[in-house]
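Consider the two complexes below, in which subunit A is the common component and subunit B and subunit C are the respective partners.
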Partner chain A sequence: MRVLFKTDYNQDIKFAKHGGYTFWYGLLLAAVFIAPFALDTYWINELTRVLIYALAGLGLMVVTGFTGQVSLGHAAFMAIGAYSHAFLLSQGVPFLFSLPIAALTSGVVGLMIAIPASRMTGLYLTIASLAFAIVVEDVIIHWESVTGGNRGMLVDTPILFGYEIFEAWEYYYIVLVLLIMSITLVLNILRSPLGRSMLAVRDSEISAESLGIRVARTKVLAFLISASLTGLAGGLFAHFIQFLSPETFGIILSIQLLLMVVVGGLGTVHGAVYGAILIGFLEASISILKDVLPPAIGNQPGLEPGLFGLILVLFIIFEPEGVYGRWLKFRTFLENFPFYRRNTFKRQRSYLKTERMR
Partner chain B sequence: MAEFFQLLIIGLSQGCVYGLIAMGFVMIYKATEMVNFAQGDIMMIGSFMAFTLIVTWGFNFWLGLLLAMLLMALFGFFVDALVVRRIIGQPQFSIVILTISLGFIFRAAAGMIWGQAPLSLDTPFVGTSNFGGAVIGRDRLSIMGGTVIMVTLIFLFLRYSRWGIAMQAASQNQLAAFYVGIPVKLVYSGVWGLAAAISCVAGVLLAPITLIDPLNGFLGIKAFAAAVIGGFGSLPGALIGGLIIGIAEPFAAAYLPEVKNIIGYLIMFAVLMLRPEGLFATIYQKKV
Partner chain C sequence: MSFFEIENLSLSFGGVKAVDDVSFAMNEGEVFTIVGPNGAGKSTVFNMISSFYTPDGGQIRFKGEDITEVRADQIARIGIARTFQNIELFEHSTVLQNLLIGREIHSRVPVLRQLIFDPGVRRAELVHRAQVEDVIDFLELAHYRDERIANLPYGVRKKIELGRALCVEPKLLLLDEPASGLNPEETEEMGFWIDDIKNDLGISVLMIEHDMSLVNEVSDRVLALNNGRVIAEGSAQEVQNHPDVVAAYLGGAA
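Let's look at the complex of A and B:
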């Protein structure tokens, strides 16, 4: 059992609460940095995919996990990031500039969606984002001069300071560094007034508003940050898959992203990363499962989203806190070993809260 | 003129289907404050159910439709009673995520049971009618007629029947309804059943036009747009929102083909911009 003795107010907002944090996260950092030396190309690629998913999930986490607005259209932001990055590269804009511009484009589009929708309850944002994803897919198909329409679009190899990046491990490092920077950014936002207001908006819009937080502004900013991060992930994803086509960024991807943040653990940065790792595993195991199952079921195009849906339902009903929440419970159990109380994490049930005024 | 009239009828009939789905959606939202993102998929399952009863098992069309409605009502009832009810009182986004995932499960299950290939379900409404030069399929007319009948029935049910009034009471104040002895849980599941039955009718009426296939559930997304345009929580609003989207689509296809797939959503965004509470608003910011 560890007792934290607080001697300073700044201790409350420190990244590393105690030595354990420094040690374990340092170890993790070392592990991900030396990973490419120990793995072959296939696994480096898989790891890169997980890191990109984690970045996209982090983006969705900002809006869904921290601000409490469910977005069903985040695949569209990935698409915007990927296509604008690929387009800028094909116009000769260097990689270093094109990636942030792509992320910002996605962010600004996110802003445009959030401004009208955030004036109403969260449901409107959900439906608007779903419709938005469909509109974006349609635009990609029809705007052939930029996106290549249904024929798709090839993505150039990234060139960094005149050096072409061909090898999987080189790209892995780019993605890794960007992910670490984004995680640091999100952690910093979380301990800033904006982050605190996002959490307040999530927990109760009414009490947040009565504390003087501008709810609509917080939601819109959250959407801006979220869409930019997801757009960044989209830009990185473009290089990873090397060929863009509209159906890559369909609603299935949006559901995958949602699955990641819910299963990983809503409202935690860890959740986004855990979710990405899980999705990586899930994709691999589904492809194994397809060989085992009889072809009538295994070859169904709807099998994958159906399984994703099933997992989501089970998690929402039985473990809404996700994998990370489960781990927190387990850790608390260990930390307080003989004194763990079963009700520590009991969720409070309430009457249905109405959003309407009667 | 004839072309205009024809487009209008096509739009109206399509809009009726959106409106019916949106009404099921709004009904559930009004009564239980839950948004059922699986409504379109429930419609899809309903039309498959009717297909099995009428085509595979050879029931008479009307009997098969009635049975399919009953089965779908049971289906909706148990979806609520067994799954959705467990998360009442949890934050809104749990319900959103839950119903969306349910939709995906339904879609996968329908694909496994009935296959991915589109199936056709023959209705008694075949042939065309001629109105002053405009040729209109009877299937289109049947959709409009069916919608008018359904809406009248729903109105009478909610207005005059004991259960309908209980549903209204539960939707206005859950706690008060519980205190006066309304079995709120049962009523909630009943609302789900009713909404599923309405969607089933919409699915069957739509069948001659779009054929039945597991992806039909995506029509539900247009129904959400319809509900938003009409103002969430208003039944007539949902129907009118559906009609607006339905009418806009064939006209867009005829005069502005680039936007024909997304015109409904564009209208929705415009409504959200200009009048975010919808055309027939019943939601207000909650006052503290």
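Let's look at the complex of A and C:
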């Protein structure tokens, strides 16, 4: 077991809390940078998909994991990011400008949604976000001059400094760098006052308010940041699938995103990444499963959403802390072996929360 | 002009007059206690001070200024912090993070700079850390600094909630039943903290409490409420021996 001897407040602020962090995350970083040299195009593409999912999940994590506002409409922000990016590219805006503008467009839409939505809580907000996603899908179908409607829309090849990005590995690096930048941004939020007010709003709005935290403002900012990150993921996703059509960004994608953050581990950056890996893996296995199963079951239209729903429910019942929470428990078990007590993670007592005013 | 003053405060929920024409005034540097049976309207008074409820009538004045209409998230900025009867901590965060959240009103770095976390943000964070560390020393919480709230026992949580309110650096501290759920030793300890808060930190304390040993020990003045009305005011002894108070608690002809 590692005991940290703290001699400086900076130790609590910096990312790498001890040598172990530097070593393992350094190793991981090296691995993801070397990966394209060792893998063939198929796997590089799969990896790129996981990274894009992780970025979208990171966006959802800000609003759902940190601020506690469950959104079932984040596919809409991906759609807004993807379509505005593709549209801007088709109008001749260079990739380097188009991508941030697309992300910001999504962010501003998120902001406008959040202003009325910050008055809602719990299920009501979730339903409202779901309705928002359906509206966005409809807008995409009917706004044919921009989105191509049901006929869909081709996405131009990204051009960076006059150089066309054709190869899978080149695109992989673009996505990777943007993901790392976004993770750094989110980690910065978490270690500054804004991130703490988000956690405060999640856990107890009433005491957050009594400490001077502007609850509505915090929620709106969370939506702005969240929608921007998810919009960025949408823009990247546009190149990845190369052809946009409205059904790509349907309710299933929203559920997948929510599944990612819940299964990965709510309230942690790790959770978004683990969730993305899991979903990427799951998609691949479902398509394999479809071949193996008898056609009567394998070709059922509801197979994927059904499985996703089942996994979501099982995780909420048996491991609400997600994969990352499970890993933390396992690590504590190893660290304390053989002295681990079964109820280390049981609450010592559970207290009634009566007199909740909202 | 009194330091903190409540005048003719009233609030009804439907047909029930929860608080009915309550007035009192407290001086700076005082520990002022409100006692009364369950449902007397004590917590409702607190929630009106915190602006969680809007009174039907009356005024709340802090240092001569009317704060009745001030928004709930501005109350802390004026210099009033509070604790809750049923501990409202941020359960999934560590003790340190909880206390740092108490510094919210003192952080003024723009959001964009927080995203980048430039050296200025770091410097501000270090200052907050130092301030929080003072509170940790004061309440002897060092042992629990990095624990998550969910893993801590009740008595410690009470202390952390008090600490979080102190991180606000208030002028007036509202304590809603600081000793509820504490054992006799912890209650006695809570009494010492309240004394220290008054004498060493110079913070005035407005408190709701049922535990008479604590009330006797720390209160400068006591106010008794029953059914939303003031029935007695004075020293702890005077209030306890007041016939209306005895009747309110024990029943009988009053």
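Heads up, the rule we're going with is that the second predicted complex is superposed on the first by the 345 of 358 C-alpha atoms of A that agree within 3 Å, B and C clash if a C-alpha of one lies under 4 Å from a C-alpha of the other, contacts with A are read in each partner's own complex, and residues count from 1 in each chain.
Keep this in mind: a residue touches a chain if its C-beta (ideal position, glycine included) is under 8 Å from a C-beta of that chain, and two chains touch if they have at least 3 such contacts.
What you are looking at is a predicted structure, and each value in this text was computed from that prediction instead of being measured.
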item	value
Which of subunit B and subunit C A:Ser210 touches, first, second, both or neither	both
Subunit B versus subunit C as contact partner of A:Ile13, first or second or both or neither	second
Which of subunit B and subunit C A:Ile189 touches, first, second, both or neither	second
Subunit A residues touched - subunit C or subunit B, whichever exceeds	B
Partner chain in contact with A:Gly267 - subunit B first, subunit C second, else both or neither	second
Which superposed partner A:Ser197 touches (first subunit B, second subunit C, both, neither)	second
Which superposed partner A:Thr157 touches (first subunit B, second subunit C, both, neither)	neither
Subunit B versus subunit C as contact partner of A:Ser287, first or second or both or neither	neither
Which superposed partner A:Leu221 touches (first subunit B, second subunit C, both, neither)	second
Which of subunit B and subunit C A:Val135 touches, first, second, both or neither	first
Those residues of subunit A which subunit B touches in one complex and subunit C touches in the other	206, 210, 347, 349, 351-355, 357
Subunit A-facing residues of subunit C, complex	43, 47, 50, 52, 72-77, 81-82, 84-93, 96-97, 100-105, 107, 109, 111, 114-117, 121-122, 125-126, 129-130, 133, 150-154, 164, 168
Residue ranges of subunit B in contact with subunit A within the complex	32-33, 35, 83, 86-94, 96-98, 100-105, 107-112, 116, 172-175, 214, 221, 224-225, 227-228, 232-233, 258, 261-262, 265-266, 268-269, 272-273, 276-277, 282-288
Interface residues, subunit A side, partner subunit B - complex	64, 68-70, 72, 116-117, 119-124, 126-128, 130-132, 134-135, 138, 142, 206, 210, 255, 258, 262, 296-297, 300-303, 305-310, 312-313, 316-317, 320, 347, 349-358
Contact footprint of subunit C on subunit A as seen in their complex	9-10, 12-13, 185, 188-189, 191-197, 199-200, 202-204, 206-215, 221, 225, 267, 347-349, 351-355, 357
